[in-house]
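Two complexes follow with chain A in common, the first pairing it with chain B and the second with chain C.
So, the complex of A and B:
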């Protein structure tokens, strides 16, 4: 139990270091004087900009050695002081709070929908390998994995909101608007998890204990529910850890596509606008979201199969 | 990037080679289009002709023209070459160091291995696309950071698989025998290890290329990748999207091309794995 927590905490630390270091480097490498840029962002480009820049340089200590500045930057990260957005001037932390909420809702609903689609198809295909469900499932999985998420999103937008008019194509506010982006992500996730589930269910269905449960006369439903699902769930849940990558990357793409005001949307905007404190903040939060999902998956795996904990 | 989806179901060998063959045929056709197209098609993919804006398919323009009247056929061919070429280069830039470092880690062990493992952990701590996005922030719209970011995230997979597979091979008795017979490390790695891990590496390479193609088109589509005048498939879709009502097929063409590219690569990869 403690082992995986320590590992995930270390991962979180590495995420902060990498994001911090890259953004710090970005601040240095971008053309122009950093103090001048910040001054212009704060007070607007007026005639006294040079004096303002000197003040900023003194205030933020931009004239000191680079290493010292980097350490201070990291210290700020630890205190959750992410600075101010260069564009809006608001504290980055405040903006992140709003966006994080929206993104977490999106990711959670996508995961939920994908769990309703993928494993269900997987169980039905795995119970009869080679059957019609299995083959359709395979074809569906191959097709959905070959469609880039943004194309899938566009296709869904056209079918569900333009042709059928069921759902709004973009926006934010009511639960109706979350459906399309969440469904886009969920279909991609389900395409992968359905095959993993299918393989693991097929493997469990071949085991002696499964045959024994049948031979001793248990009804099929109980055999599947008691002896099948939990055992088959272990690889599926550990695979969710890999899907966390897809989910976090997908959030960036899908949010931009559907104009959904979450972290990923903010990250893309910050990159286009070169708003470095925002880039740092959003990248950091998304990286940590990834770590958090992975930690959650660890915990569920442990609950499903306590042997992991004893072995560690 | 999620190249690691081990989703291949246990299927019959005959059907697997079938999927591999169809994937290879598909890839061959697309590669021919991507390589020969830009050479054989005389039209400039950037030449505008406003009188032919959104020209229909089959007229003066074989596959129609986009909203600026640029030949779609030429743009698709150049876009395919760009996607294919960039994906291939990215794959090479990821596979070569990945495999070499994996071999080095498995062979040398000790500090070399520990340092490389640390490096891999650092790269894997962040989702791949995030690393690419962070690097793209340095200069949005350029090939450099895109290429660098993608290969930086993709090499880890090659490294880890090579290291693990090589370790298993190196522990076997025939390697020990080869060592005792006095064969050099280079000879053993080349002749006893590489042939064993080559099929796995080929699978990974196909997946890496598929990932790279999806990533490049996606990043352009959300306007942080390559910038509009470049005939890039992802940005072509997004540019043509507002004209969907007038010319739906024009939007579908680049989308189909990406889909077929990725599908071909995945079929080949699935086939290889058997």
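So, the complex of A and C:
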């Protein structure tokens, strides 16, 4: 267990370095004058941008050597200081706290809803492959995975907010407002996880030990609970880790659509406005989140199937 | 029986009434709070009446007192004196003194806001007066003090290094919580000189997507929504629970042309470009209102700046072709014009901060192709226009230009058509006459003396076309029938939330 933690921590350190350096490099390589972009981001498209850019360049020292600027960021990182946003002037940490917090809530809610939908449908489909549940589930999965999140979001808004008036179409801060964006993401997630669960349950259902449990006369519910779920869960849990990628991709679009101040929305703005410390901070936190999720998935898999641990 | 019924009814009414008064006015708009420095997002705090400027403007653009009760200028037109209201207090309870006001203005003067463009020599306080001394006469000064970057903030807004940490203003609403970039919650400040606002609590949400804003109004979750997309307006108008108000705003979408390039250095070429544009088609299809076709640079709503007797800019493809031929362009084998072996093929740069610009750009591309001009559309960041203006590589750009940055359009004209042009104005076009006119306007206050100067300036812009007007703009506001007293401010200085009340 200790080795496991040390390895993960080292991984996190490497991720931080690589992500920080890559962001810095990529933002430098992008065409366009950074000071101009920052000025436009700060003062809007009606301002005298060229003049503002001169002040920005002076204020932020953007014409200093690139290497020096990168070393400064690295030094800050070692002191756990991510710097200040070039556009808003607020500490990056403060901005991340709000935005990351909002996104984590959104992602967690989406994951929770998707777990209530996807695996449940998957288990029923997998128990009777080719049955009506399986076929309906497949059709649903294809539809919900194929619709891009922003279209799905608009459809849900239209039905649940405009026609039925149940939920607010946008905003944040209360549980009512998180439902729509979370549901939009959850349907896409559930589309995939229901199929993975279905395949995994179907595979387990074909195994000799599963047949034996049935033959020895256990009631179906106990067979599934005792011999099915845990075995079938292993690929599903690993897959949930991969779904974090889908979440990040979906979060960017969904947050903008639902006016939700999350990290995806912030990252897009930061890139457009060349807010390098924000891009670095956001990417860093996202990278570390992936490491954490991977670690969590490994730990759960280990608990589900202790053979992995013994083999290693 | 009847009495019981009456009592039940009365009680029910009382309960609804009470809950109505405890309700929050929910407002949504497209502007995010990116940083709270007044030069950056002062407009959010000015429009939502958190902070105030010395001077403000009524919906017609007339300057009226705000924090300054009155103002006057010395004989030599070099010293302006703004006398503050006695009763004005900041939200932290401290009085608005000439000293604090002068400090806020000095800060604005050294920043990137508009005040830095006025010929200000010094700003001092004398008793109840803020005194502004100028280097040379400048009659538009009070109009500059309407700009959101000159809002007056309490000393408690700043930290030790002089950075704005919170907005402590003097308006009817004070900030109770701010979650950048999206949410702002406001409450009756209890200290406003103008009395109590009609609704005590306001919650503002920044919603970037126009479609989402429309759905927020339709779902009844939001009482007041700003800046509706043209495509949503017709649908919203049919909704019995909503009121749609529309005002023409002094914002014009123009083609900024590089008059120093071989393509646009002749007046004939610029006029041909103008004749080739189907403004009515563009406004009908993209903006859903043919009346927005820009027949000259300023819309009729901008009083004194619209010359109704000038021949309107209109479409005439045959005339456009004639003019281009006069300028020496002849059609090549593929129909694209050529001159001395050079094809009339230019890149039109635009940006997506305004969602309607890219579709207008592609419409222009098709229309100009009809007269043999090949356009490549490039959609980038808004900063690319000033960048390419700066290095001289811009050929043609589609921009959205606001002429009421200060309520007096002279402020914008000074920038846009001064020597060397500017980011959002002329490029490679210098006109001594208009520079003289604008300079004269900047020192003239008498409307009767100004009128002929303004007319002549508009006439020059119409003939010379250093920028080619395409469409005017409008601002659509949707409000729920639950509220009354909503006003559209075409200058977008102040949305008058304090005057809004729950409908009886």
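As a convention for this text, the second predicted complex is superposed on the first by the 249 of 312 C-alpha atoms of A that agree within 3 Å, B and C clash if a C-alpha of one lies under 4 Å from a C-alpha of the other, contacts with A are read in each partner's own complex, and residues count from 1 in each chain.
Throughout what follows, a contact is a pair of C-beta atoms (placed from the backbone, for glycine too) under 8 Å apart; a residue touches a chain by one contact, two chains touch by 3 or more.
Keep in mind it's a predicted model, so treat the numbers as computed, not measured.
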| item | value |
| --- | --- |
| Touching partner for A:257 - first (chain B), second (chain C), both, neither | both |
| Partner chain in contact with A:95 - chain B first, chain C second, else both or neither | second |
| Which superposed partner A:151 touches (first chain B, second chain C, both, neither) | first |
| Contacts of A:283 with chain B and chain C, given as first, second, both or neither | first |
| Partner chain(s) touched by A:272 [first = chain B, second = chain C, both, neither] | both |
| Partner chain(s) touched by A:73 [first = chain B, second = chain C, both, neither] | neither |
| Touching partner for A:161 - first (chain B), second (chain C), both, neither | second |
| Chain B versus chain C as contact partner of A:52, first or second or both or neither | second |
| Shared chain A surface residues [contacts with chain B and with chain C] | 154, 158, 256-257, 272 |
| Chain C residues touching chain A - in the complex, by the definition given at the top | 28, 34-37, 39-40, 111-112, 117, 163, 179-183, 205-209, 211-212, 215-216, 218-221, 351, 353-354, 380-384, 386-387, 389-390, 400-402, 405, 415, 422-424 |
| Sites on chain A touched by chain B in the complex | 11, 14-15, 17-19, 22-23, 26, 29-30, 129, 134, 138, 141-143, 145-151, 154, 158, 192, 195-196, 198-199, 202, 242-246, 248-249, 252-253, 256-257, 267-268, 270-272, 274, 276, 279, 283, 286-287, 290-291 |
| In the complex, chain B residues that touch chain A | 1-2, 4-10, 121-122, 125-131, 133-138, 140, 210, 214, 217-218, 221-224, 234, 237, 241, 244, 255, 258-259, 262-263, 266-267, 270 |
| Residue numbers on chain A that touch chain C, as the complex places them | 32-33, 36-37, 39-53, 55, 85, 87-90, 95, 98, 154, 157-158, 161-162, 165, 168-173, 256-261, 266, 269, 272 |
